[in-house]
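First chain A sits with chain B, and in the next complex the same chain sits with chain C.
Up next, the complex of A and B:
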């Protein structure tokens, strides 16, 4: 493994990362880095370890070895909430909303890092507390308008269409004010129209200066959207490069395209 | 969470209704009825407290009767032996129960749900045994009697002594209103929202930067403190505490109040406490039957009305979500795409 490959503009650097489940090497000696402001895609067949990788980066599970750095800070094995605090936010492969909340309430949860969870200021409704609450609500308005859900803010998130539920999840992630946004198969199960609209949204998010790391199956999406692709299989890095290179790489075609039906 | 259009009207109406509540004793001549109403107020405080952790945070405790008992015994011991008044004992009871609540929460909340229930059950039983057997301090099975009434409140030339049940009512009402206010302030804050997020989806909550364990422990502590306050008020109101009041049955009773009224709802706590206090007075002669009925009620509520009486006013959104997701899944599978495990 040539882990000495240094990326100066990297926002996220993963070095020699490994995680086993029983005898299965879900992620095996994986190294890669994500450059600031990129849309970086992770692709690979089912079971390649993509979601495990996301769970490792976000601290949901801890690695057996290796290092994860956010810019210059070591975030390996930090608690998920601490990693979120450092500016890493995510969506989940299977949409995880809060069942009993409206769109507005759901996204408001994402402002926790802004408002904080202090008790006494809440009970005494201090000026600082009220300011933060107001800022939080303003931020939600801005985000909901940005993702196009402002008109649905009082609806229960769970009642929305699948595509809009994903938007709620993205809005909630954006409310944490992330530097790096991790999207785990955000368009899985979407129809073509929903996929197209979401892709549009992702590039707009990216234009706001948020780096995106995205797991996807849809090759069309990956090729149009991302400017860097890392292909993994059996938990290991297969190849890495811009879409033009990856598309025609024989190893990729064999491991990924040759096996799964590709919806181009 | 309701979005009322006529908020102004609602506010004025609410203020008038609350003001009217203070004049309630004028219409009641029977001291027994007044006693029941006072008891309801204490139970409302208990339900509010338990609801904070069970309803709003989703962590079930069946040991909160012990916090009620600790609050009551702290006030009883200090009041009886040192002659401290309610005004000193109340904050001390709150402090002691908060401290113990913090310790129990810190240990218990590391466990997953089912084990938390067991841990709180064990805690409740241990505390009850302490009340029963530490005779030197707690009076053993006899309990403690002769706890002093709160000192007469003097406002200029007006005097409010605490002699009959009617006199306690405004005091208890003020504390209940304070409890409701604090509950509202807490749930409509970053901290309160974090608790609700934890109840709904711990993993998603944590991904939003919410420190799950710390938040749970904090809420458990507040919840215990509410019950401690109720305990101190109870001791000074009844002038007697005895261990059987704070046995396992008390924890179940408070939980039943929360479940029947509706979890995560202030109105639910009030309704639940009222119904259960009245029904347990009716069933006073047959305590065994009472526990049987409560047990059945909890099972029925969980099975058919998980959101309690207040939940009947709302549609079950959770079920809607499940249905929605399943429909989507089915649709996706039909199209021959993989949904991913």
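Up next, the complex of A and C:
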């Protein structure tokens, strides 16, 4: 599958991306693009290479071949912190928080890019630094109110309920001011109520102009939330399209359910 | 006698506390024990000694030694440990022991093995507190240790970079994905820990002399204190260092000075057996 039609409104373009682990082709010649302001879902069976794809996009691992572009910039094999600086942020399948930090402190770490984290200005408290610091504090307050955790800001993030821990992770990701937010199975293990509330939150995040790329298993979530779906299996792209098309696509049904027994 | 030993203990403990900080900070970000930390202590002291020989003003010589220590720690990490990021921790440990041997021999080659005394502006003066005479250099050590501890506490808890160091010690992957350069954080951690370690060597120089293997036991004591305080726990390392110094000093005073080092090692063994998470450490729950 070679580089296909050029997507003019693409925020993320992945071209011929491959990554193997030992002999396993976790991601194999994968090409797809994410349009700006979309909620784009990646679905596929377990082990299809979805999380590997996220790790490749965020620079946690490097590809064996292929290219990843953010708008017009090549971010392939950049260091994770550089990619974050370019406006890509993410949450993890297994929530990864800082176990000894409060909600506020956790989100504060996310504002590192905003204030630059320089030591000397912090020691001498320059005017510029104080302005930045104030901006960061305001931003944290805004984000925490937005995700509904302002009241819990002094609590240890790791002690919160599962759903709220996910919110902390999202708040931390938002604090880096992303253009593109990657969500790796954000509702896995959540109850129905939490799932519903999180879906609401995602669409509000999207309304702020942040493009979302989401890995999910829950087809109901994918169908209601996203406007574009890429189905992958064995590291390769199976099909792509809007939810209406994907739902009834035979290849998808086969990948998920096994070969369909017609008229069974 | 009692108060004398207590003061000696606090002075010794200050040195151990400063050493322990280096071990614990490095553990925090890399989860390994830098056994070459004792050589940073030695290196800092030697550079100060050398600068004094060049007629450098004493304060500048001290500061130069601290900076040299920071640089030594930084280079150690950049040149060796950084290249071993994905290697098993045992490899790093062996590399650290290698570095330590190389640095000891290098120091002996450059400066010789004869112990020399570092100058202190205070060593010849005493302060009278009540009917006691306390060496001013001891007071200097205690004050400087307190200053360093406060500065570190402010850095770690009140600056965003300090917070980033904490974040890196709790989850380095997630920290990177927040746009924080993990290598930079590790470098800073090494530089700060090493600067503090070198300061300990410089402060000790006028009392216990400067020689190539001076870092061996000081390193072991610092390591013991960091284990006592709970690996990775900076305030714990500080308190445990002080405690270790005081216990040692009393053991030397009331039992026999020959048992000074033995006492520390017995404490280390005891802690490892009974409370491996350290006095101030918390138990890490293993999920099964």
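In the analysis below, the second predicted complex is superposed on the first by the 255 of 264 C-alpha atoms of A that agree within 3 Å, B and C clash if a C-alpha of one lies under 4 Å from a C-alpha of the other, contacts with A are read in each partner's own complex, and residues count from 1 in each chain.
Note that contacts are C-beta pairs under 8 Å (C-beta built on N, C-alpha and C of every residue); 3 or more make two chains touch, one makes a residue touch a chain.
Everything quoted here is computed from the prediction, not taken from an experiment.
With chain A as the common reference, the superposed partners chain B and chain C clash.
Once the two complexes are overlaid on the shared chain, A:64 sits clear of chain B and of chain C alike.
In the superposed pair of complexes, A:93 makes contact with chain B only, with no contact to chain C. In the superposition on chain A, contact of A:156 is made with chain B only, not with chain C.
Once the two complexes are overlaid on the shared chain, A:20 sits clear of chain B and of chain C alike. Counting the residues of chain A that each partner touches, chain B and chain C differ, and the larger count belongs to B. Applying the stated contact rule after C-alpha superposition, one finds that A:185 touches chain B and leaves chain C untouched. In the overlay built on the shared chain, the residue A:125 is in contact with chain B alone; chain C does not reach it. Of the two partner chains placed around the shared chain by superposition, chain B is the only one that A:46 touches, whereas chain C remains out of contact.
The clash between chain B and chain C in the superposition falls on 225-233, which is one of the stretches 9-17, 153-161, 225-233 or 333-341.
Touching of chain A by both chain B and chain C, each in its own complex, is seen for residues 58, 60, 79-81, 84-85, 89-90, 92, 96-101, 105, 108-113, 115, 117-119, 122-123, 172, 175-176.
On the side of chain A, the complex with chain B involves touching residues 46, 58, 60, 79-81, 84-85, 89-90, 92-102, 105, 108-113, 115-119, 122-123, 125, 129, 132-133, 136, 154, 156, 158-159, 162, 172-173, 175-176, 185, 188-189, 217, 263.
By the touch criterion stated above, chain B contacts chain A in their complex at residues 1, 3, 182, 185-186, 189-194, 196-197, 200-201, 203-212, 215, 218, 222, 317-318, 320-321, 324-325, 328-329, 332, 337-340. Chain contact summary for the complex, chain A toward chain C: residues 58, 60, 79-81, 84-85, 89-90, 92, 96-101, 105, 108-113, 115, 117-119, 122-123, 172, 175-176.
Considering their complex, residues 155, 159-161, 163-164, 166-167, 170-171, 173-182, 188 of chain C touch chain A.
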